[in-house]
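Paired with subunit B in one complex and with subunit C in the other, subunit A is shared by the two complexes that follow.
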Partner chain A sequence: MTESQPEHGRYLFAFARGLDPARLAGVLGLRGAPLEVVEHRDLQAVVCSVDLEEFGEDRLKEHLEDMEWLEEVARTHHDVVYAVSEVGAVAPMRLVTICSDDASVRGRVETLHTQLSEALSRVEGRREWSVKVYATRPAQPETVDAGRPASGAAYLQRKREQAAQRRSTGDQHLREADEIHQTLARSVVATRVLQPQDPRLTGRADTMILNGAYLVPTGETDGFRAVVSRLAELNPTLEIELNGPWPPYSFATLE
Partner chain B sequence: MTEAAGTPATSRPYSSSVERGSYGPAPANLADILERVLDKGIIIAGDIKVNLLDIELLTIKIRLLIVSVDKAAEMGIDWWRNDPMLSSSEQGLADENRELRRRLEELEAGSGGDRADD
Partner chain C sequence: MSEIQSSVGGQLSVRDASQISLVDLLDRLLGTGVVLAGDVLISLAGVDLVQIRLHALITTVRADMPVPRNLQGGGTDG
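Our next item is the complex of A and B:
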């Protein structure tokens, strides 16, 4: 007779410290399952039960390819992480880390205790802010179309000029992005420079020249906002977008 | 400067069930969420095996957004329709999608190619 397969696993949302589980009452996990807090030593793991019919190896791979499924799970994951960040120091998990049971969860906490403690200390009392900078599209085309080129050489010359223009604009953007990033870096605890997002994801026609994450002590939020505002005033040809606060996804990492 | 809250830091009751849509202001931008939950955070192996390569490919896919133009429009991404400077390059977009799909298939077949990194 074959051993029955476990039907449920424990989906890990985040590790935490100093969390009062009662403050998560009413927050639901995936598919309406209640959130639970697994304690081990001075650390905590925020989990919920998931059905392995949906989250087991076989189906998981398929589901990850399904944008609708992915969106639902990603939003729930983020909502839970955010709720935890409101009530304690939090180290958010990447999506879809599932342990067999609580003993396994505690085993992970034990193995990673030092690194988890460091990660949580790095972000405690601090929040992540996103700053994205866009170079707005010029109002006029870069070169005036003077009609058909007089010759092949003239055509090539125009092409070279356009390419040089694009390169010089690109260089300028790099300088502007770097200056903005360095200014922000001086006023925060830590920074991470992220990959600029593809325009088809942002839904914007203009170019993202900086995608930065900044770790700011909660009490210094207003000061940070003021720095961003001033940068926006100093850079009228750029659009600077501040977004947050975020749980510290980019900073509570295991070193 | 534009500012948008990720998710509001007020004391609204949280629910991650399907009723979520009825609570509070608009939720955070999906691109921003995916960028964090797929590619950041604590990365450890669980007991349910998730091929890290699958996650990385997924991250690349999201970055390249390999979707048809129609699917993207469904998702509310349709800036190329409104911008007259760009509507003439719809064909260019379809061509580019085909090329990106080809590159992704190459990656999935393990034949190398560039990988996006932070």
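Our next item is the complex of A and C:
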């Protein structure tokens, strides 16, 4: 007698508290599956059923390299988390977390109850805002027109000067980014600095010098916006991009 | 509804973020969020996330990418 593999799993979008499931009516999960709310103690998990043929370990790695697949799953995941964040406190899951069944989901809530409760309290009534700062691309060193160096020493000297110039531009960017981050940090509840995005990813020639996430109480959004606006005025040579509100992805983490 | 405000020459201007960029989305969905260990059937914990981002990178380098200014031929910059 062989035990058959399970065909379906429970895909977790988020943990939540104070959620009225009726307010998620009309929001669909992955592949059109209905959203369901699994309750345990005072917490909730927002889930939908997924076919393990598609999301099982074997196929998943292939799928993750398929940008169309990844984008569709990522956008659906985000849409659900966003909808939940509009109607309750939310701790979003990382992309693709699947439990075998509701009992297993409840088991995770039971084990992590204290940490999840703390995370939800940290972000309740607050939203995440993204602030990215770009530096205008520094001028390219004039290597082409500089002519042939008179000697090896002159060549090395030129190389050293170019390296020093790059370093000082880099230092200046670090200082500017840090100043902006510190100013923003004073007006928010929590901050997190993410890795600046690679220019090949952003498709922009400008260097991203800050990729920050800021946790702002919903009632203080205008004040935060004003601070960003002021920073933009003070730094006309930088481009500052404010993007949000996001569900608190960067702040509802455990521990 | 999300929005994007960006500054040019010190002035913030607002536009609707009808579509969040995939790069921004993956920044958060792969880099932050709650990670479960233990009794979980499937998770990305064991998957090389850098590799996924690399693929995102390759496919986002497309024809509609703006050409850096210093590579644009002739003409003055408006």
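To be clear about the criterion, the second predicted complex is superposed on the first by the 240 of 255 C-alpha atoms of A that agree within 3 Å, B and C clash if a C-alpha of one lies under 4 Å from a C-alpha of the other, contacts with A are read in each partner's own complex, and residues count from 1 in each chain.
We adopt the following convention: a contact is a pair of C-beta atoms (placed from the backbone, for glycine too) under 8 Å apart; a residue touches a chain by one contact, two chains touch by 3 or more.
Note that the coordinates shown come from a computational prediction; the quantities given were computed from them, not determined experimentally.
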Combined model on subunit A where subunit B meets subunit C, clash or fit: clash
Subunit B versus subunit C as contact partner of A:G170, first or second or both or neither: neither
Touched partner set for A:V96, first subunit B, second subunit C, both or neither: both
First, second, both or neither for A:Y249, with subunit B first and subunit C second: both
First, second, both or neither for A:G223, with subunit B first and subunit C second: neither
Partner chain(s) touched by A:G18 [first = subunit B, second = subunit C, both, neither]: neither
First, second, both or neither for A:G125, with subunit B first and subunit C second: neither
Subunit B versus subunit C as contact partner of A:V27, first or second or both or neither: first
Partner chain(s) touched by A:P236 [first = subunit B, second = subunit C, both, neither]: second
Partner chain in contact with A:E71 - subunit B first, subunit C second, else both or neither: both
Residues of subunit A contacting subunit B in one complex and subunit C in the other: 9, 12, 14-15, 52, 55-57, 60-61, 64-65, 67, 70-71, 74-75, 77-78, 91-100, 104, 108, 112, 116, 119, 130, 192, 194-195, 197-198, 200-205, 228-229, 232, 239-246, 249-250, 252-254
Subunit B partner contacts - residues on subunit A that touch it in the complex: 9, 12, 14-15, 26-30, 32, 52, 55-57, 60-61, 64-65, 67, 70-71, 74-83, 86, 91-100, 104, 108, 112, 116, 119, 130, 192-195, 197-205, 228-229, 232, 239-246, 249-250, 252-254
Sites on subunit B touched by subunit A in the complex: 1-7, 9, 13-17, 20, 27-51, 54-55, 58, 62-65, 67, 71-72, 75-80, 83, 86, 116-118
Contact set on subunit A toward subunit C in their complex: 6, 9, 12, 14-15, 52, 55-57, 60-61, 64-65, 67, 70-71, 74-75, 77-78, 91-100, 104, 107-108, 111-112, 116, 119, 130, 137, 140, 192, 194-195, 197-198, 200-205, 211, 213, 225, 228-229, 232-236, 238-246, 249-250, 252-254
Touch list for subunit C against partner subunit A, complex: 2-12, 17, 20, 22-36, 38-44, 47, 51-53, 55-57, 59-62, 65-66, 68-70
